[in-house]
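Multiple structures follow.
One chain, subunit A, appears in both complexes that follow, with subunit B as partner in the first and subunit C in the second.
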Partner chain A sequence: MSAAKEFELPSMPTLCVDEHCAFVARASESADTLEHALTEHLRLSGIYWGVCAVYTLGRLDRTFDRAKKEEILSYVDSCRNENGSYGGGVGHDGHVLYTLSAVQIYALFDELSRIDVEAVVGFLSSMQLSNGSFQGDHWGEIDTRFTYCALSALRLLGRLDAVDVDKACAYINSCKNFDGGFGAEPGGESHAGQVFTCVGALAIGGRLDYVDGDLLGWWLAERQVKVGGLNGRPEKLPDVCYSWWVLSSLSVLGKTHWIDRAALARFILKCQDEKSGGISDRPDDEPDVYHTFFGIAGLALMGHPAVVEPIDPVFALPKSVLRRMGIELSGTGKG
Partner chain B sequence: MAMTEKLVTTCPEVTTGWNRRKEAVELGAETAEAARDWWSEELRVSEIALRNAPKSYPSWYHRKWTVSRMIRTMGRESETVRMTLERERALCSRLLDADDRNFHCWAYRRFIVQSLGVTTEEELEYTLKKIEDNFSNYSAWHQRSAILDARGDVDSATLKGEFELASNAFYTEPEDQSAWMYHRWLIARARALKIPDERDAAIASALEICREVAELEPGCKWPLLARASLEDEKSRRDVLDRLSSIDPARVGYYRDVA
Partner chain C sequence: MRADDEATAKAALCANGDHASAWSVRRRYCEGRGRLYVDARARGGEEKWFEEVVRPELAFVRFVQSRFPKAPSAWAHRRWLLARTMRFGVELGEDVYNCEIQACDAAIARKKSNYAAWSHRAWIIQIMGADSCAVQTALRASESLARRGVSDHGALHYRSRIIERYLELRPSDASKVFTRELEFVRELIDAFPGHETLWMHYRYAFAEAVKRNKLLASDADFLATTKRFCEKRRDITEASRVDPSWAEHAAASEYRLANALDVWTTLVVKRAQGRRVHVSRESPNEGFTVDSD
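Entry: the complex of A and B
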């Protein structure tokens, strides 16, 4: 039975669309809470998760009216630094991670014209090192996550030509492990989040031939545990966010049918706070915007009927947004 | 510096706070104070941060940045640097005793032992100890594979020992996937052996052990999974059929590889 059919079974919990949209709206209002203060440094990522979540549910305009949308966009504008990078929040140093978040938010709101493309491209390309890797900022931390962020943002801006894509992909390949997965650096242990970034970077760079699809697909399939959820590494607990990291990678490899999708969907839906909205990492934990987005995005990849905007497994953006930008979609479409 | 210390120890994820400290260090280096012991402070503060948040990316990076800068300015041979590196190695061992799957700590440890010039043999010994402490330590199995891979082709004598290590693990904990994943890699390495007799012998003995474990643990999927890649065509189909019924979640995989 296909996952989409399973969603109609009475045993499948319903996705609380209204509650989740209200949860996201509340999260973007509560500027004076402690939680808000503690997450100030990654606010741009938080905005991207929230906006993308309600977009995929078909509720972007209903959740954010014109004034709210303008408020969000001018906040993003104010996170820009002189060198073209964006910080996680106002007054925070620029970083590759949040530069991608900024580009994603502008893309979601169809406001790419607010970007100084040359400045952003200048910053991102200056982050590539001679061995092809990317540092996150000028302090030199290197991580395959940053390669993904840079390539994704550059592709969204139509400026992949600004960096050495072949070298970037060869560097990713040097981070491949015995289990077919990828780590943060050469020798780093495979981790599903890291696998997403590496497979995504290779997909953008047109070098998926570096991936051993059978070996990695199997390792990813073994992330599913008895309760249906997915973990990020062997012998670890399941967590809703891995629904995205694992499933998106399987989707790019055309192998989402290697796991029990209905069981995964049931796990995600059990992590919902049905009263106040939001999705948590595991059943009965506190929900947050991060897990809310990745839970919904995972359901999107499985064709949940309430997630009306299908999502692209590489760019983690709605397909309609990419189509609007003239970017061809990723994944094999199988599964 | 007191202000940033408070910030990074209470909110270690705030990269900007760590950046201010790095700037201050770099600024100080250009003044007459250049010789002062700037690194102890950075190591102390990042240790507090790591004690509260052992998985904080920026805290680990600050530590790596500090040690890298010491090496760059004082040289690897300096007594201070060597003492610091040894202390760092001991710190990693303590942290990995507390959480043997902390991949941040494993990564930092790789950087430290590389800087110290620790031999491959010594590192293999360390992973062996960690694996024997806990067969479920996938991080240690991973590290072991990375060391062996970096050393070049894995020869048949080495493989024999590694197969034995994996078997010890799955006779003890047959349901733990760590050793089985390592085992899959060993089979691939065995297939790559250049001398046909050695190759066939390695594969045959791996198959024999998997059959034995499968008999001892009839409900366990892992020896069957290994057998699926080792048996001839006919037995292979039977094994995959059995896998599909034991482990229905992954039936799509078993169908595709059949």
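Entry: the complex of A and C
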């Protein structure tokens, strides 16, 4: 892959694999901090980001021994609610966001047998509304992200049949804007994060024909700023997480060559904390597990040699995991 | 931090305004109190619930938002409160709408290009109903918001949403609205060069004008106006003579933005003419090209 050669340039910083794995391991231990307590409601997503980051670096078993793995999985089990949904933390209300995170974590550890599939499917299908959209939970907030979470989780469980996929995709299409981008709801401003979820949902639903590849590819490519990083909307600052939201979408469209990948890689690598590990949103900021994962995932899409496990741009899971589950991988388009 | 009761939830939210589970606890609390008011079967139980439970809750959300202006779950909580009120059959007065607009403005002042706040502002205009006068007022107000927010893409997108809402109610005004909008955005670009936000808004106005009236795709005067504008903005020599410091910073951006608009509008026009075209990019550091198939 031509992108890999760019990483051999002498000016390209090294990816600090050991340090990042240590950072993730430490993050999973720091239960005594205020920050840990205040983010309990999204703990499952945090676990997914950490585990997937380490998996793509080829260090899953080295970072989490059997005892730790069981501790993590038991924690995920305990986030299950009676209606089949998973909450972000123990005792937290169920939501499609964390239900997907749970399925992703079980998939990464090859422990899908721990899921009560019918219960999860029951919850997810009950979240679809008559116009095809999905609410996040019974409180009724609708967002295209929730469509993606539901379709992704259902596809991973082999149960897309449980919802109306055509209507779901038609609703996503109604969130498409004049610039080819997608927002959180019909008429919502195009946003790279929403673009990822909408393109992903359409890919899963087999309706990429709804996407205007030329216009959207153009909009996505324009997210690259002078310093090489990517932003999420015009005139916003670059942020490492957009290395994923933008690049994965471009990958599905077969247009990653429309951005300067070497410049992006350099930006991501500059956002590393080389001493303590972890990656931050932009250079010299505090690292966190979220940006660590998305920075590594972005580098994976670009074929960085140290990121040994290729990642799927639609499911944001290693391709080997999807293959193990018998899921046919998304094509990366013509480019 | 488990938020089992409404007071603990309040405390959690003061420390983290995006603590979605804590907002759920607050909703259960408000919902529970609502049932008491309504079950009492006294007349006006629903209105009392709004005055005594919802209004203070909205004020509490505003309090949290003073520190966490972006938190999406806080905005979602506001919408739940208002939607629940409407489902109870209580009509929201103008003061309520104004309060919401003020909440948006306060949040936008704290955090530029605040996606959730601008979305909420557009949602409020939507639920205000099909009163074209009110929407027209909102449209006029959005003009000064746009002027104040030339680098705030949310502000210009919000304006485009109000335009769409206005045209849902008065579709025959489309031609007038978009002619005016294109003049407005050219005026803003002349005054504030180098802002990608404004150039994106130009694309919006151009594309929507052509979408609603395909004849514009063959209207020589219409097309020439945009071409001439791009030419003018590309001519940095004159602009640099007037303001050399600008030339150092914004000039290269302006040149690139003007070029991009020229090609982008060409794509829109060719498609409107029914021609099959595709976009390519030779290298990531060059512009896009539009070729006929």
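As a convention for this text, the second predicted complex is superposed on the first by the 329 of 335 C-alpha atoms of A that agree within 3 Å, B and C clash if a C-alpha of one lies under 4 Å from a C-alpha of the other, contacts with A are read in each partner's own complex, and residues count from 1 in each chain.
Note that a residue touches a chain if its C-beta (ideal position, glycine included) is under 8 Å from a C-beta of that chain, and two chains touch if they have at least 3 such contacts.
Owing to the predicted nature of the structure, the values given are computational and were not obtained by experimental measurement.
Undergrad: Clash or fit: how do subunit B and subunit C relate after the overlay on subunit A?
TA: Taken together on subunit A, subunit C would clash with subunit B, as the superposition shows.
Undergrad: Determine, under the contact definition given at the top, whether A:Arg282 touches first (subunit B), second (subunit C), both, or neither.
TA: A:Arg282: touches no partner chain.
Undergrad: Kindly classify A:Lys69 by the partners it touches after superposition: subunit B alone (first), subunit C alone (second), both, or neither?
TA: In the superposed model, A:Lys69 contacts neither subunit B nor subunit C.
Undergrad: Go through the superposed model and pick first if A:Arg114 touches only subunit B, second if only subunit C, both, or neither.
TA: neither
Undergrad: Identify the partner contact of A:Arg26: answer first if only subunit B is touched, second if only subunit C is, both if each is, neither if none is.
TA: A:Arg26 sits against neither subunit B nor subunit C.
Undergrad: Which subunit A residues lie in the overlap of the subunit B contact set and the subunit C contact set?
TA: 38, 41-42, 87-88, 91-93, 95, 137, 139-141, 178-179, 184-185, 187-189, 191, 214-215, 217-218, 221-222, 224, 233-236, 257-260, 263
Undergrad: Report the residues of subunit C in contact with subunit A in the complex, numbered from low to high.
TA: Interface residues on subunit C, with respect to subunit A: 1-2, 4, 12, 15-16, 19-22, 24, 27, 76, 79-80, 83, 113, 115, 118-119, 122, 151-154, 157, 161, 164, 195-197, 200, 203-204, 207-208, 211, 260, 264, 267, 278-279, 281, 284-285, 288.
Undergrad: Can you list the subunit A residues touching subunit B in their complex?
TA: Touch residues, subunit A against subunit B: 38, 41-42, 87-88, 91-93, 95, 137, 139-141, 143, 177-179, 183-185, 187-191, 214-215, 217-219, 221-222, 224, 233-236, 255, 257-260, 263.
Undergrad: Inside the complex, what are the residues of subunit B that reach subunit A?
TA: Touching subunit A from subunit B are residues 11, 13-16, 19, 22, 57, 61, 65, 101, 103, 106-107, 110, 136, 138-139, 142-143, 145-146, 149-150, 176-178, 181-182, 184-185, 248-250, 252-253, 256-257.
Undergrad: Over in the complex, which subunit A residues touch subunit C? Could you list them?
TA: For subunit A paired with subunit C, touching residues are 34, 37-42, 87-93, 95, 137, 139-141, 178-179, 184-185, 187-189, 191, 214-215, 217-218, 221-222, 224, 233-236, 257-261, 263.
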